[in-house]
Each structure stands twice: as structure tokens, then as C-alpha cells.
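Next, two complexes with subunit A in common: one pairs it with subunit B, the other with subunit C.
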Partner chain A sequence: MITAMNKEIIPDNWYNVVPDLPEPLAPPRDSKSDISSINLLNKILPKEVLKQEFTFKRYEKIPDEVMEAYEQIGRPTPLIRAKNLEKKLGYSGKIYYKYEGATATGSHKINTAIPQAYYAMKEGVKGVTTETGAGQWGSATALAASLYGLPSQIFMVKISFEQKPLRKTVMNLYNGNVVASPSTLTAYGRKILKEHPDTPGTLGIGISEAVEYALDNDYRYMVASVMNVSLTHQSVIGQETKKQLELIGEHADVLIGCVGGGSNFGGFTFPFIPDGDDTEIIATTANEVPKFSKGDYKYDLMDSAGILPQVRMYSLGADFVPPTIYAGGLRYHGASPSLSLLINKGRIKSDEVTEEEVKEALRTFANTQGIIAAPESGHAIASAIKYVKAHINEKKTIVVNVSGHGYLDLSIFGEKK
Partner chain B sequence: MKNLIPYFTLGYPDNETLSHFLDLIPVDKINYIEFGFPSNDPRYDGPVIRKTHNVGNINFSDDFYKKYFDYFHKNHVKMYSLSYYSDIKARFDDFIDYLQKRNFSGIIIPDLIIDYYSEGKEIINKLNDRGFEYIPFFSPSTPDSIIKNVSSMTKSWIYYGLQPSTGIDIPYELDYTTERINELLPGREITYGFGIKTDDDIRNLMKNGGSGVAIGTYLIKMTEAGDENGFIDYINKMRGVLDE
Partner chain C sequence: MITAMNKEIIPDNWYNVVPDLPEPLAPPRDSKSDISSINLLNKILPKEVLKQEFTFKRYEKIPDEVMEAYEQIGRPTPLIRAKNLEKKLGYSGKIYYKYEGATATGSHKINTAIPQAYYAMKEGVKGVTTETGAGQWGSATALAASLYGLPSQIFMVKISFEQKPLRKTVMNLYNGNVVASPSTLTAYGRKILKEHPDTPGTLGIGISEAVEYALDNDYRYMVASVMNVSLTHQSVIGQETKKQLELIGEHADVLIGCVGGGSNFGGFTFPFIPDGDDTEIIATTANEVPKFSKGDYKYDLMDSAGILPQVRMYSLGADFVPPTIYAGGLRYHGASPSLSLLINKGRIKSDEVTEEEVKEALRTFANTQGIIAAPESGHAIASAIKYVKAHINEKKTIVVNVSGHGYLDLSIFGEKK
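Right after this comes the complex of A and B.
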């Protein structure tokens, strides 16, 4: 059941959770003693993006041009009741999913790529650059840049670059330039290649390369996740969900999403934070990247080269090289400061799921609902299935964010079980 | 009189130079002064002021500055200490005793509600009981509810840092900033700090109901450069702008 699909569902404003947090967010800190990495952001980010990063404004008006672009790439996305899944699990409650896979690039990433590329274009910069893990963010960046006539340079984590050649084709179709990271395009990439020629790459290395590339070429860096501004832009997901639930007279008892850097999760759940505590919120990570259970809540680097400021977050350490898991988008060592604070204060709970649970959940979801979800999103689905099994006789309404589709990740099902 | 609050880190660039600049201050042009007690970890300061703490830590001596504390006190300039809780928590009561003995009026603690939120209430109550002003320090990332709660526990003026840390320059909407804080704290004295340099900065803040400004990085750079005339002119000029 597609509950609502009209323009009025898209919110007029982005929502920023910072003024509604239960405690002050620790400010970013310089990573080096002699220079200000915070001031450096002036050279890396479009001015408007930087302003939104540090704003305490609860609502920021979505520019008309961005609104138009949101409609063009398929917003609002559907909120669908997963009746077949409910039946299969024998659940007495209801399960809904918000489907970000229905956007043009196939994931939520386009929600923040569009405004960032738009502001970059308005400021007349030469081009944009970024890192990408599984390729979803790179695809969104390439398309958004192309829509605004900007070239894009994308650093794709080497292991994903090798495992997902079709992603490169997609980014090239969107006019993006893609290299495997670490690359020879930057000093930092060359250094890593010399010291660790066999490294699979990490998002931290990719960020470092993109930031260096932006500084050297008068490009602007596109923020995939972690930083507040990307979560703010993603709030279209949660605000649409709220409105869609309202239209069908439902109340969300439980919200579940997956966490890489926290952008789809924050965007999906934070708009519910001001409503009080009666919605349970669960953030799911990969078992292999257990940032909330094994990471420390501390100041840490966002990028491994330490060009960007440090932020206080749950982190496994910027040097953490995660196993080369099937869900590239979840390999990041930390999580957004606002999300980390809400987890630390107990407002948001965390969960971890294993690769086996995720594959099983993706299969179940495919053969009940027909949706082939991204491996990252599979974590949210697996977590929801766990939740349902643990509360099988309760009549709760669970809403899961399915952050993307998995058509370019099918190789994880290579061998039939 | 609107507040003009010069900020200095004690012991920077060195004791002699700083004392020389303190002598130059026209005391009738300022009503408050803020002294940074050198911190081992000035975590929420930008590079310029961070450096002043590192140097100040080596140079600071109470013997040296005692006469200046007396001097400002006699001239009716209220003194406020800027101290990080991480530095003073182990000897908190002794440190407040010391500040009171030196005739300080109050204290600004930038890391208290960020890093020690759970202890904040008790510390503020303790300072209230001792009749020592706790100056709430807020920044753009302080949530609305915290601004209201912490302010309601105190009666003094508020220190609002316009930037996420000292000496940095992130674009922001000035009108929106002042509107928000005025709405959250109607009628309260708000003094703005961080990144204020020009007379236009000050004019805009005052036009929007500000009760004063604190100036740090900019003055510190003048003491570093030994720019005595620039220093006096600047203070006189800013006083003029505040009095407009």
C-alpha cells in the first residue's frame, strides 16, 4: 500500500536537532595545535553548507530550486506497510518501511547531495569532490553535480572499487570521475600506497584524499554523513514519514534504521525527538563495526589524515580498518556527534547484527515484499525482524528505514545457501 | 553603561608586556575585565588563545598580578575569571576562595555544561551560596532547554560566544542569533564574544539589544605586536561605538 505520494508530503524546511538535544553538543576541536582545522572548513565547504553545519536554527527553509529537484528525483518516497512480512513473521503488530531506494540514485544519499551541489554551484566553485564506500554516495554526488553543471571527482574505497565495477559505470553515466582510493591523485594517497600497498582502503582515507583534492583544486568537499548538516538535509525522510503516518492515523512506537556515519538514521529519526519519549528508537550497526558497544565516546578524528576537526563521537579509532564486509557504507569508524550524544544519554538504543542475519533478512524481505534492499539497509531490516521476534505478541507499530536498494550489491548472494 | 570587556590570558605574551598593556587601559572606559587563568587543556579555544594558555602556564605568578587585581578593583572594574573546570575541579573551593580574596566578582567556566553537565547544577548552586557570580556561557550549539535552565539558576549577565570556538570565523546570521537568545531570555543582559572585531560588528549587536561585547583574540594580537597606540585607540573607539 503506497499511503501517500504527493508534493505536500515533502516538508518546507529541514529540521536540525541541535537546539532540541538534552545536553549541549561538544563543539568541534582543532586536530592540529598550530592551525585551525575549523577555520579550514571555510575553504572546503560552500559557505551556506558551513553556516548550516554550525547553525542552531531548528528549521531551515528548503530553497525552491532544491524542492523542485527533490520532486524530480522521486520525493516524497513511499511509506509502505509490509503486510507480507508481518504475516510471514506471525506478528500481531504492524511493520512499515520508508523506502529511500525509490529515489533516482537508489538511496537516501541524494537528499543531501542535491542541496550541497546546489549551494556549491551558486557560489561559483570549480567542481566538487568526495569519497564513497559502496558507491551510493558517489552516485548521488555525481548526479547532483551533473544536474548543476559541475564536474565531480570521486574517491572510491579500493575494495569496493574492485568488488563493484558497475558502480563506476553508474557514476561515469552521471558524468562523475572515479578513482580507487588510496590513489596517486593526492599526497596522502601516495603516502598510504607507499606504506601499505595492499590496503583495502577506508572511508577515513577517502575523506582525507577528497579534502586534500578540494584544497588543491579550488573544489568543494561534499559531506556524505557524520557532520550535522548532512543529517539536517536528510530530515526530509523523517518529516515525510511523520506526515505519512499522520495521514493514515498511525503512531510510530518503534523506529529502526542502520548507521554508517548516521545520516539516514538521523534524518529518519530526529524529527521524532521533539515529540517526547514514547517512540523507541534503535540504531543498528554491523557486528563487524561495533562502534556503539566497543567504541569509546570521545573526541576523535573524522578523517584519518586529521585535516578535518575532531568531534566527540562514538569511535573505534580513525585508524580502525574494518573487515572488508559486504556493506561498504557501514564501515566508518565513528558516528555523528548528535547521534552519539543521544545514544550516550540513553535516548536512542543501539543494536548489532551479523552478516548471516543480514543476508537472511534481505532474502526474507525480497521474497515477501519484493524489495531487494541495500546490504546497509539489510541491517535495519534484520534488526526489525529481531525486534518482532522478541515482541511477537505485542501490537506495536514498527517503522524501518530502508535507506537504499541493493541491485548493485547482488554479488553478496553469489553462492546459494 | 554597556559592557566593554577586554580579555587577557594571564602571563601572555609575558608578564612584563601584559602588565604594560594593563597599565595602558583607560579604566574609565571599561566596566568589566576578563582574565584567563592559564589552562592545561584550553580545549574550546582557537589557535591564538590556545597558544596564550600554553605560554601563560609557564609565566603566571599570583605575586606578579596581585597589584593589578587590586588596581582594577579600586577603579571599580569588575573582574571575571575564565577558568576551565578540568583545571580547577580538584581544588575548586580553594580556587574560588582565592578569587574572592583577590576581589573577583565571578567566573566563566567554558567546559562546565559541556563536559561536566551532571555536576553543573551543584557547582552553580555552590557559587550562588557563596555570593560569587557564575556567568552562564552559551554557544550556537547550546540547546534551547539548557539555555533556559542554566540561566534560570543565575541572575548575572550571560556570555554568548558567537562562534563554536575563539578566533575562528564561521559564517552565521547575526539577526537570527540575537533574536533567538532574546526570545529565550527576555530582558536578560547578553554580552557577546568570539570573533568580534569591527565597530560594525558591535553596532549590529547593540542595535539588536546586546548589553556588551567581550574582545579577546583581537587585543591579544595587539599585545603580541607591541602595538600600544593601536590598543588605546581601539578601546576608546569601541567605547564610543557602545555609547552611540
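Right after this comes the complex of A and C.
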């Protein structure tokens, strides 16, 4: 049982945008001819997660145990009016921010890690496994597994494992087992290590290792983003935001979020889709990863290794490598199929911001609102500031999703450009 | 105007324990014979802060602008039932934690920094200044000053300045000017640098520099802890906790907090004092800083340099140097006079925990509740776990103050003891 006050704000159901899309979603395709990557999903995902990935149902009841875990990790997260920022910008409209950095793991990732680990536990598996880059997803996976008494095996891209030792510390504090990938724990990892002993690792290698580890050890694979089920779980963000706005008598004229794979963005904005077109929705990417303006809308690999199925999405190509690494969570080459479709149909607009705009926005947000936001979330803030400056005389209500805090990314302010 | 929902929980007034103490508080004394340190306070503190330091009034109205700033930086902070921790400990009672780590600067320090900077701004001064050790207080000062458009000059103990560059980054993001102390900005700093060029610096040197800087530049000095006014401002913590408990129909049987100078502890527990004796209150220190068990209750210097007045308190001696530095905020040699009196009269009990117990408690709290608590707050959690184990069959409601998060202290888990 959660408290009455929280029950008023945390939704009872997850919202799935699929039935409300302007046209049916293109189905996933096998990535390789010799092995069915769609059949593979049957083996590596908990049954309930697989069901939710392909469902056409608009609502899915959140199990009581998951509801309670959401409350334990800090939900509902706050929706705060950024009065100091408004003043600094000389804006006569309103700016609100939803702060997912207030969750226990410091980002939105925990919202889908919890139900995935819960369903894995219910199905009696031995543990959960996944890959992680910068470590946000690995942290969420480790904590979620710990909450349900499951071990977790996390394959962390080797270069990040070496450069971000504190993320490893966090995962260890959450009872996670973390190895640098490629590792000696899998045949695939050992093969790569033999052929390329000095490789920095990639997310593709990490996914391959996690999938092999899941198959060999009766573990289940945890899905970070891109796939529909993760966006559905993240819908707690947008549903809470709607309820919080309703309680203070506000209506969102503009929603702005950042896009890596699309899970914080979809979770934040999709619950507003069935309400009609009077809320403007803006998806912001890094200037260096211009998936919506320069990517193609096509079938492409979800992961560079081609383990997971192909999906139809905006993509810069699965082998795309952006130039800088200051916002690790936004480096992904594509975007969730449902988000891609809504962009393609013009319901959601896109924006791009530069590293310089992001750093300036992070500084401004810190010295006005006090929040040290994650570099990824800094893109949403920078985009909101751009919007305000371009519409300074309009009195709109803008809501920005600040998807995580940046306490473990402070080093970006120490470097010279 | 703050929102109705928050107005229900954030108190309208600060609570001052002085009129409710079992006997009058011993007055402060000058520390040196040649200069009146009490007169000095008149010159370096905002008038309103000085008035609140020596008031006998039970309640002081929180100005609307401060109320609004409290909301902006994340008040009310959450009170969460630690169900996963209860389960892990096999406790049939209840454990709640109040989470001050959820404020924008990540600790309770901002609760008094805001009103002090506000009063300084109202009085038209040029800026604010203070000393900081690990950097938590400096961060709170910098943000509070930024919120009211004031510059801040922060003297950071040189060894910490060098060892904790990320804290400096945070202060800079909050518009704070930070220098290593001793610095060349003051005559006192230049003198020390000439005599001891390799000194690691001390809080005493930092205080001396900040006081000189305030006097020479029409700045005001910001008081971190120990002095009564800071505990009064921190009473928002305990008053919110009482209200939040009331809203869910709970009564606190036991309150546990950690003690450095006493501000988070006093702020959390003192609002329960006028309600009578049926709430047990426990003040926990580090085993290495046994001020209540091995200190004397006597007049002693507040700061090693003897700049500020002497007060009657439990003290290990102003030149006490604890052996380890893993919890910088608990290294202080004394404790606030009002807290010391309540300990001396037996109304508040004390406890001590070891570094090993603290690290274990931090791990347990992380992998059950997901919160990476500050090492200082880890002492309160460790003490609560000890209490539960010693009273495993009682069904009490225990409330712990988790005064800050530990994202910038993760390195303590990397070191070998």
C-alpha cells in the first residue's frame, strides 16, 4: 500500500501510445538471415515484458508491488515552477520542470528497470543482465534487481569502465556485479579479447555478451530504451506531470525533452498525445547526433551487433559514431519507432542544440534553480531557453523534463573545449 | 506565493528552542582579552541574523521571499518509509527517513544559507563570505547568494580545495568565487602564506580570512552551524517531519540524527521538544569524535582561531584533530550550546558509531532504499540499525534524518581501510 497522497499522483496504469498512433507501427524484422532475432526475444525477455512490448492495449495495470517500489525510490518526482529561471530570462510566461533526477538512482532509468526486474523475479529466473555505457542504466538495473532479491550481471563498455570508476562504485553499492566488456565471462567476449585485446568495447559487444549470458545462465535481459515496453513504463513521468499540472490548475502549452533512444522523452510526452493537438511537443537532440534532421526514416539495426531485431525509425546508421562524449546518453544513432513515427507525421517537432548552448544552460539552471542537471537533460533545458528567447512576448506554460542529475558528470566543466 | 500543497507542509515560522530549554542558556563570552568577539558579531552578521541569534522568542515568521526560495530549492523534502530496510532487518516496527539530500544543493545546509543571504541582501550589503571545509557549506552559501543576486567569496581549506576539485566546480556553477585558504585576498592569509607556505589550511584560518574580508569589503559573514540562529533556520526539517507524520497518522517514538556542529540535528529534533518526553531522541557522532562521551561540558572556543565568541558546550578542545577524514562534516570538536545543554540534562541521548558500521550502513541503505547517503548521514543510519537490532521485538516508529546525499563522497568506498 502506498500513501494516499502519493496514490493521488502516481498513476495506476502505464500508458501505451501504440493504439493512439496516427498509423500502425511497422513491425520489427529479423536482423540476420541465419538466426531469428525476434525468436531470440522470446528467450531472453520475461514473458510479461515481451507481451507488453507487442501489446495494442492502451493501458496496462501497474502491479501493487511495482507501485510500492516506485514510492520507495522517490516517486512521485517533483514538478517545480522554475521562477528564478523565468525571472533571469525576463519571461512573462511560465516554465515548469519535472525532475527525474530526484529518483534514488538519479535518473528516469529506474522507472522501467523496476517492472522488468519484478517480472523476471515473478517468473522465477536466476538473475538479470544487461549492457551499460556511462552506467546510468547499469545502476538502475542493479538497484531494481536488488529490490527483488535477484543477482545482476552488468557488462560495462570497457572504456567507460576505466574512465568512470565511480559509476562502478554505485552499481556495486546496489549489489550489482559489473565487468568490463568485452569480458572473459562469455565465449563472444573471449573471442573479441583474443582478436582485439586493446578494444575499448562498444554497446554492441556489451549487448552480445549480455544476451549470451542470459541464454547460458537462465537470466533475463533488461531493455534500457528504444523498445516500446520501456517507453510504456516511463509513462509514469508524463502521467504524474499531467496530474500535478491539474492539481495546480495549469495546462501545458509546450513540452520539451531530450532524446537518446527516446524513453524519457516518450514517457514524458506520450500521455499528452490522446488529449489532442493543443500541446506543442519538442524532441531535442544533440547537434552532434542530428538523427531527426539528417537521419533517414527507415528499417535499421537497433544495435550495431545486429543481435536485436531491426525496426523502422529515424537513424544515422547503426555504425554512426558521434564526435564527443560529454552526453553519453544521447549518442544513440536512432530513436524509438513510436517516437520516430510521430516525428515523421509532424505531431512532434524536433530541435538540436550545441554543446556550448548546453553547458551555458546547465550553468544558468544551476545558479537560478540550484539543480545540477545531467548533460543529457541540459539539452532539454537549452532547448527551452531557446524557445523562450524566440517567443519572449508569448505567455505560454512550458514544461521541461529534467531526466537526471549531473553529480557524476561534473568533469565536463573542468575540460577546455 | 507557494503552492497550496507545499504550504500545508512547509512551516510558516522557524522554531527556536531557547525558551523551551530546561534552564537558561549560558551567555557567550569574549574569546580574547584584547578584542571583543561579541562586538565583532555586530559588524559581520546581518542585523536580523544577529537579532535571531540572541532572541528568546519561540517563533520567528519566515519571510514570504524565503518561503518561496525554500520551495524553489526542493522543500518540502520527502519523508519516506524505509520498507525495504525494515524487511532486510526483520523489524516489525517502522523506520522512516527524512531526506535532506533532496534539496538542490544536496544537503540541509541550504536551509540556513537562504535566510542569511536574504537578510544580507535586504540590508543592502555588497556580498557574503564564509569558510568551507569539504565544500557543502560553501555550495549552499554560493547558491543562496546567487538566488538574491549577491556575489559570494568562499575561503576553502587548501587541502580540500586541492583534493575536492568537483566541489569547487559546484560552487562555481552556483556563481561562487572560491579560493584556497590561506589566500592572498586578506592580510591574514598573506601573513600565514609567508610564514607557512606549505600549510594545508584549517577552518580557523578560513574563518579569520572570511571575517577580515567581510570587514574590509562591506560583506557579511555566513554562519554554517553551532550558533543558535542556524539551528532555528534548520527547524524547517523537524517541523515538516511532524506535519508529514501527522498527515499519515504516525507518531515518532524515536528520532535519530548525526551531529557535526549540531545544525541538522537540532533542526530535525528540536521541534519535538515542546511536545513532552515521549519521543526518544538520539544524537549520533563518529566514534573518532566522541564529544559527548569524552568531551567536557565547558566554555570553549567555537573556532580554533578564537575569532568567534566562546560558548558553553561539549567539547574535545578547539585544537582537537580526529584521525580520519571520511566524514568531513562530523569532525568538529564541539556541539551547539542548546544541544549540549539538552544532552547534559539527559533529555537527548548520545550514540557513537564506527567507520566500519557506517560504511556497512551506507551499503545497506543503498541496496535496499536506493539512496546513496552522505558519510555524515551514514552515522544516523548506522545508529538506527543498531537501535533496531537492540530492540528487534519492539514495534516502534523510528525516524532518521538523512542530512545529505553522498554522490561527491563515493571515493570513500574505493579506499582500503
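One rule holds in what follows: the second predicted complex is superposed on the first by the 380 of 417 C-alpha atoms of A that agree within 3 Å, B and C clash if a C-alpha of one lies under 4 Å from a C-alpha of the other, contacts with A are read in each partner's own complex, and residues count from 1 in each chain.
Note that in this section contacts are C-beta pairs under 8 Å (C-beta built on N, C-alpha and C of every residue); 3 or more make two chains touch, one makes a residue touch a chain.
Treat the numbers as computed from the prediction; the structure is a model and nothing was measured.
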Side-by-side fit of subunit B and subunit C on subunit A, or clash: fit
Partner chain in contact with A:E68 - subunit B first, subunit C second, else both or neither: second
Partner chain(s) touched by A:M302 [first = subunit B, second = subunit C, both, neither]: neither
First (subunit B), second (subunit C), both or neither touched by A:C258: neither
Partner chain(s) touched by A:K57 [first = subunit B, second = subunit C, both, neither]: first
Partner chain(s) touched by A:M227 [first = subunit B, second = subunit C, both, neither]: neither
Broader residue contact with subunit A after superposition on the shared chain, subunit B or subunit C: C
Touching partner for A:P22 - first (subunit B), second (subunit C), both, neither: first
Subunit B versus subunit C as contact partner of A:K47, first or second or both or neither: first
First (subunit B), second (subunit C), both or neither touched by A:L330: neither
Superposition-derived minimum Cα distance between subunit C and subunit B (Å): 32
Subunit A residues contacted in one complex by subunit B, in the other by subunit C: none
Subunit A contact footprint on subunit C (complex, rising order): 3-5, 68, 71-74, 78, 80, 82-84, 102-106, 110, 143, 146-147, 165-166, 169-170, 172-175, 247-248, 362-363, 366-372, 405, 407-408, 410-411, 413-414
Contacting residues of subunit B [partner subunit A, same complex]: 43-44, 46-47, 50, 113-115, 117, 139-146, 164-165, 167-173, 176, 180
Subunit A - residues contacting subunit B, complex: 18-30, 33-36, 38-39, 41-42, 47, 50-51, 53-57
